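Each remark here refers to the structure printed beneath this line.
Chain IDs A, B, C, D and E follow the sequence of writing; residue 1 opens each chain.
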Amino acid sequence: MTDRRRINGPPSGTRPAVFASSLKSASGAATERPRRHRQPNELRKIFLKTGLIPSASGSAYLEYEPSASLAAARSSPQSLIPPSSALKLACTVHGPKPLPRSATFSPNLVLTTHVKYAPFAARQRKGHIRDASERDLGVHLETALRGVIVAERWPKSGLDITITILEAEDDRWWGDAPDSHDAPWGMMNVLAGCITAASAAIADARIDCLDLVAGGVAAIVSDDAAAEEGNSSTPKLMLDTDPAEHKSILSACVVAYMPARDEITEIWLKGDHSKASLGVDDSSLGHEALIDGAVNAARGAHTVLVEAVRESAERYAGLSNSDS
Amino acid sequence: MNKEAPLSIAERDFILNALREDVRLDGRAADELRPLKVTFGEEYGHVKVQLGRTSLVTRISAEVTKPHDDRPFDGLFTIAMELTAMGSPAWDNGRQGDLETYVTNVLDRVVRHSNALDTESLCIVKGVSCWSIRADVHITDYDGNLIDAACAGIMAGLQHFRRPDAVVKDGQVIVYGVDERVPVALNITHKPLAVTFHSFDEGKRVILDATRREEQAAEADVVFGLNNAGDVCFMSKFSGSPVDAMVFVNKTSVALDKVKEINAVIDKALQADLAKRAKTGRAEESRAENDR
Amino acid sequence: MASTLPTLAIPGQRLAPVSSYAAGPGTHVQNANIYASIAGPVLVNPASSKTAKSTLSVSRSPLRKAAPAASPSAPKSTAPGPSKPRYNTLPAVDSIVLARVTRVQKRQATVSILVVLDESASNNKSGPQPTTTTTTPTGGSSDNDNIEAILSSAANPENHSNSDELRFQALIRKEDVRAVEKDRVVMDEMFRVGDIVRGTVISLGDQSFYYLTTARNDLGVVMARSEAGNMMFPVSWKEMRDPVTGAAELRKVARPF
Amino acid sequence: MVAPSATLSVLNRADGSASYQCSSTGSNILGSVNAPVELPGRRDALKPEDATIEVFVKPGTAPAGVGERYVEGILKTLLGRVILGREKGYPRRGVVITLAIIGGESVGRGDPYLILLPALLHTALLALLSASVPLSMTFSATVLAVDESGQIRREPSAEDAATAQSVHVLAFSSKGHLLLNESQGSFDFDTWEKVRQRASAICHGTQLVSADGDVAMAEDVDGRPLEGTLRETVEDQVYRDYNWKINAA
Amino acid sequence: MASSAPPPALTLPPSQFARLQPHAYLLAHLSPPAASNQPSLRANGRQPAQFRPTSANTGSLTHTNGSAVVRVGDTTAVCGVRAELLPTSDIASWSVSHASSGAKHRQNTTKNDADADADESQIQDLNLLVPNLSLSTGCAPGFVPGAPPSALAQSLSHQILGLLHSTRLVRAEDLRVWYQVPSFGGDGDMDVDADDEGQKKKNDGKEIKAFWVLYIDIMIISLAGNAFDAAWAAVLAALRDTRLPRAWWDADNEMVVCSETVAEATRLSLRGLPIASSFCVFEADAAAGWRAVIVPDAEEEKKIEEDQRRGMQRRWILADPDGYEEGLSQERVCLVVDREMGKTVIVKMEKNGGWAVDGRELKQLVDIAAERWESLKLILEQC
């Protein structure tokens, strides 16, 4: 298929590079699965800055701290295959602006969300046209934000929230067979990042919100490190999981959480953790534990969010001299 | 938008009343074609068709591509028609309208699906390379009956076109430029053409080769696609008011006559062009020698 | 805790109980407490009467604006005075706006709103604004006042496919042009395409248009170019003149200050 | 040097049209202009006091793509300065220019369209004149290629352009301004100045430059200035159109 | 310029003035009243020939072969280069040679000083470079996210592709994956290859098995005017950062296989360092361009210019325009220059949309572009 509005590559298509190491049997792979060096409840650092895009009414840029393995790979590069990746995204808010002509009268602010991966954001090249997962993310994000915005203060106007993902999280370790656990775990991390960044950008645009909503992820993982040592694998609750670091994620949950009101505006739970609770007979690994974990992760993100928004307010009020 | 300005009631009534008295605005009989002129450009496959005040340019081009995986022995053939504001101010540039979809669909069925062009003959190396033939139709003036005019243009173009000669030598395809080897004509299996009728007064009056105004006043159209031998490869009554089945029966023979008539015009133009080329070709050869 | 107000608030931050303050713009009430709903400096508006409580609000506009990098000399920049807080930057009923005329028809003129001036203030608090104090429209709202943002986006963005969708559209109906001789209004003699008009919002209108009126002395055309393309100056309430050609053109002129 | 040939008002439906052939570059362009027309999708706030110019370039044997959008942009910018879109009857209406490449080679992917550009510009101008669209000035354009030895070649073929060191398209207004320059390749400023001089001579003749021996020589090389050719085409058409009036007088 | 001064007695804060009368606002900055003793500066505080502060940063994106973030003022371009393989067996025209051109073209494919590479056109013929620029990122209001590329995005993509081709920045040799056909005869593969012996595509038993295709995607994250300069700088920086893994033909698996070892990967050896500088022309007379007055012809123009040089300036050529300035000017100039052996070489020179810029002005702009080349070179080399 040729796209008349874009520059097309060779008509026959191209193939991603195949590395010699991945052709050999997996056991002989020289590289190992990256390990989680953080405590189960330790979050990655988040870099969040607002107001980098002056033509937008509000904007935010968010970056996750690279995992230990990625940081090591960056500082002394050995392999061309990155062990994992760290979320990087830019969010802009345009509006409030007039609704399109075709729209009907709305007494409230009409929210539109767009999430798009850059073609180079993931291990597999992404297409230029939004795919189902990107649309999905947009819908999740919209639900997360709709409950936060005081929409009735902005009659007959629209707010466009656009997120460009420059680097996404992996869904699994690259060395794992594609079907070993192919739920899009990485997408959940991406959503959490989208929520936090969008929240900062909306605050930067000075759209009335009930609270700063933050995204957080928790997962129940089957700890393979322990399994290798011969212990029976004990499912564990981990916050802010990097899917590349775990062989088997049983279930994961992402929430959009408002700490001031202790309310959740969006929850997305995936996977099967019945096995987890059955196997260990530990009820603490149920739904609630998972959600609580995600909420805790969101609380962590919220502290970063507060700083970023405070900085935005200071810059705006002219209290600080820091330029953008 | 993509809509012509509608006829006024007076205009419509005038056309209809005249038709009821067997008179058409341009004085033609009901089954008469407008004057058809087919001319060829310098390049192979460059055709200009003038049908009354409808005119178009067809260009045929060829390139080497990879055949579809499921049809490794077949070459490719595509018909591309895009209506631009050149043909009619009512057409928007770069936006596809209903008419464009409809006409392209009919052309596809009459010419491509009837296998007028033998796509197997376009295969060069099985599954690796084949010719892709493309027919571009540029509507330059629109005054009704796009389908018949475009169909004549495409068929004339296919017959006029010469693709570069290609030789397979040890798995290696060598394409010879037009100036190096005599280029090859396409393999045309038969010459189907479309003939369009428009009906008025609930199918009581049927006319051939309607002008734009007649099209706008018409109630329905009937399209026949058939070749010189009278084989019908397409027949459609797409929309509009019902037409008596006898119209199909009666008009098929009229359509056959018209197909023969149009094909004769094309043949004549082809021959004339061939003769002209033979002359200039010789002249050019001698000139080329002089140059050296 | 309730007694000490932060200087700067962020959305979701609890400011004070409703028992001690009234909730103003930029805040919302939840469980008998006032929370901030936008990020910005916290303001206390003293009560207008003794019985009422002071109003607590979070300012949408900067307290003091950092001077733009290059302070323009020729444009008469007035130092922004203290601005009254508003709920948001949208045109509301009674807002005074500056708009560009984009189309003049027999019964109405279409304009696109460029600037929402601030002085109309919070309509639900202080009632109609005395019109005599509008001499120096100052302050401004967040979106309107950010020079950096204005400079980064195109001023005349014809490249952009739908930039006009970024501005709110409004109508001035024939009967809303002036207060007197309403029936003798000829729209062509009131506005021309490209004029800058000061008007006030009379209704939020339908899904696509706000409704404006210019039926006041201080409302009407404030800037216009002549047919020859020169900036004109007002000579009467219905006429402007080209300083170069000397030709006069008819307009519904706003009273100059 | 074979002069390009052009015909005006070749089509029935369009308000104005022109067909243009340039044998040396092998281009054959058909252009139509519809103006002023109502544009349905148009919005009020967008340039309400001016006409909207739309240019559509349709390649002969390929679907239009990114390259066409680019060349449309060039044409639109230039024509936008020449068309008086604020004359009565034009504001908030459209001037729709459609240019179909009906002869010659197709332009490849990523190719800059330079060789075809003068032909497209001339066709558009003639079609605008044929549609009686008000213009502030007319223009003429040419394409020149500089080869490795520094030789300037007028209206090169596609192959010549591909092997050239640099290719330049220049357009001059009827009043002598440089309206457009599109140069690419690798060259220095002195080369460009020579190219500019030559191009000016091609478009306007050398009378302007000086009255010495150079004039005769340049005339020899470049034949009649392009501007004159274009003017003649239009004058012929005017004579034909107003034949009844002229004869009656 | 009394005519374009703001109407008397109406006082407006600068932000409103900028919005209502953008042209007069910029003019007031560029030609301040003589009495005020202020320098002529642009509304953004820059000198007419001053570029915005520029920064570049490379290699920060994990899933790319090369990447760069370039900020030119408030315009931010992110470019990621992704290399994928195109096996020659997938190329329909690979086994096709054109009798006429074949003799000329395909001969010396093993030559390494690729400046003389006769097959350089492979990059263009086989679509090996695929740049696409996206503005649908929320970079500025007015670009609908999720919409197909606007005309602006399309023409920027095309300009980048055109410039990549015309500067021959990337060498075709860098993109080829060669295979040395074993010289011992006898096995089945060999028969086919032996048949090919007479071809020009291979030399000394060497044969191209695949090409690297570079997908060059540019996301304009923030747009505040002059997207082209930033996008091109990002492409250049990303290509300079690009590393291609060592790749070879694995005869057993019948596919191209790559080495993941960083030490074995090679950087692209680019030809030159072409750098873009864009300008726009701001006319003091807001109505120049449309007022139906007679446009002076070129000779008269020169006289007026001479007269006015002493008095009021009529127009300004602004380097690296921001979005506001772009919206206020019609005439644009884009220059791409490089340095070869101390000499400035112009690679691309475009001017359109007006008649203010001619030879004299272009000459000055070439000098400014050459200065810009020096400063951007330093920035690109440091990142």
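In the analysis below, a residue touches a chain if its C-beta (ideal position, glycine included) is under 8 Å from a C-beta of that chain, and two chains touch if they have at least 3 such contacts.
To keep track of the chains, here are their UniProt names: A, E = Exoribonuclease family protein; B = Ribosomal protein S5 domain 2-like protein; C = Exoribonuclease.
What you are looking at is a predicted structure, and each value in this text was computed from that prediction instead of being measured.
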Set of chains adjacent to subunit A and to subunit E: B, C, D
Graph separation of subunit C (Exoribonuclease) and subunit D (steps between touching chains): 1
Touching subunit D and also subunit E, the following chains: A, B, C
Most centrally placed chain - per-chain CA mean versus overall CA mean: E
Contact-richer chain pair [C-E vs B-D]: C-E
CA centroid of subunit A to CA centroid of subunit D, Å: 52
Separation of subunit B from subunit E, taking each centre as the mean of its C-alpha atoms, in whole Å: 43
Centroid distance [mean C-alpha coordinates] between subunit C (Exoribonuclease) and subunit B, Å: 61
Centre-of-Cα separation between subunit B and subunit A, whole angstrom: 55
Interface hub residues of subunit A, defined as touching at least two other chains: 5-8, 11-12, 54-56, 94, 97, 101
Where subunit D touches two or more other chains at once, by residue number: 43, 63-64, 66, 69, 109-110
Interface hub residues of subunit E, defined as touching at least two other chains: 74, 90-92, 127, 140-141, 151, 154, 157-158, 161, 222-224, 290, 323
Pairwise chain contacts under the document criterion: A-B, A-C, A-D, A-E, B-D, B-E, C-D, C-E, D-E
Residues of subunit A defined as touching subunit D within the complex: 2, 4-8, 101
Subunit B - residues contacting subunit D, complex: 1, 41-43, 46, 53, 55, 57, 59-61, 80, 82, 84-89, 92-94, 134, 136, 138, 140-143
Contacting residues of subunit A [partner subunit B, same complex]: 11-12
Complex contact set, residues of subunit D against subunit B: 11-15, 17, 28, 30-32, 34, 37, 40, 54, 56, 58, 60-64, 96, 98, 100, 102-103, 106
Interface residues, subunit C (Exoribonuclease) side, partner subunit A - complex: 7-14, 26, 28, 30, 35, 37-41, 59-60, 62-66, 87-90, 142-143, 146, 148-149, 152-153, 165-169, 204, 206-208
